[in-house]
């Protein structure tokens, strides 16, 4: 398992290489990307902030739960903090498995749980204002 | 009985104007009591206690969790990491 | 939409860049990878063969159907032919969407339909023999 | 009435020892008739007709589809592209 919170550009190729194993026939790589609009507003950029020490502990628990639910070969996650422009990747989740349906299901579950549990926040700076986004109302 | 390190994040940190506070541990001090204490020092965060979750030593904890010296208490506003998609 | 059958190494970064648009908040990138074992046999390598002209037509139909089922921003697919070693990627499917659940669902659906419909075949060369794999018994 | 170009792939191509054949179009010639014709020329593919699908001009077509001069007929063994995962 690999988990990193970083203020630098995320590294899909590195995460792919981390989870790719000879026993795995499928790798699902999810990219969460900054969109140009949200709640009907024109987004200028996002600011992400994390509580990294706790994020690491929560991720370890989630990945433990994931392995109890699906046959997963390996998992790698990166989240970016700081200022992100439209089109930049904020979250990368890579999941490998012998079986593609398990890789898809586990990847989707992990992104959902991440957004629900991991202590990371974003402030949206839009035309005419800014707002801390709280919870999944976006 | 020592002190508790309190960490604030995101909107709470911005409203309070601080990311970190030290609080003296009194007899029976609970996580939610710390919030009330901070409300009196930083009135801008008053009224938000219902939206906040607590973490003690980097794990989610109930508001009634008792604190001891050396603990790290974090006040966690509703999280919003990950992608910028709505979830449908 | 981008669809290619090629005997060269697949290009995940290029496919990501192709489907990444400012309206999309999620990109799901599926990698189908050659596994070391199949049906309990030790695989040495795979040989993929395609009927490219027909594969292109079938893909166009599938992508049309996909757009009628989900809100998808763009899709890109590459399939590799020729000899593939263990760990190499045979299929890449990239799907972008404003909404992550639609990107996951559409990506999984497209991989399933691809394996069912698109005229591509693989021969498995294993320790002690070789066999054309027919259908999804693998 | 012209000829039909027949294309063979994968196991069928290997068994028949050819990837391409030309067949004269007779009155009422159907896709499945071409398979029977090829079976007599390439006995190694005999008995596999039930597993094969047909494509006429790069689109899946019923075995009874009538053919005309200039058509491209493909004999499609069960496909197996994509990943090397089983599907569960």
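First chain written, first letter: the chains are A, B, C and D, and each begins at residue 1.
By definition in this document, contacts are C-beta pairs under 8 Å (C-beta built on N, C-alpha and C of every residue); 3 or more make two chains touch, one makes a residue touch a chain.
Note that the coordinates shown come from a computational prediction; the quantities given were computed from them, not determined experimentally.
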Between A-D and C-D, the pair joined by more C-beta contacts: C-D
Between subunit B and subunit A, distance of the C-alpha-averaged centres to the nearest whole Å: 24
Computed distance of Cα centres, subunit C from subunit B, in Å: 47
Where subunit B touches two or more other chains, by residue: 83-87
Residues of subunit C whose C-beta touches two or more other chains: 25-26, 31-35, 98, 100-101, 111
Category of the chain touch graph - line, ring, star, complete, other: other
Chain-chain contacts as defined at top: A-B, A-C, A-D, B-C, C-D
For the subunit A and subunit B complex, residues of the former touching the latter: 31-35, 38, 43, 46, 48-51, 53-54, 57-58, 79, 90-91, 111-112, 114-123, 132-136, 138
In the complex, subunit D residues that touch subunit A: 83-88
Complex contacts: residues of subunit C adjacent to subunit B: 25-26, 97-102
Subunit A partner contacts - residues on subunit C that touch it in the complex: 12-13, 16, 20, 22-37, 86-87, 96, 98, 100-101, 103-104, 107-108, 111
Subunit B - residues contacting subunit A, complex: 7, 9-11, 14, 51, 55, 58-60, 74, 76-87
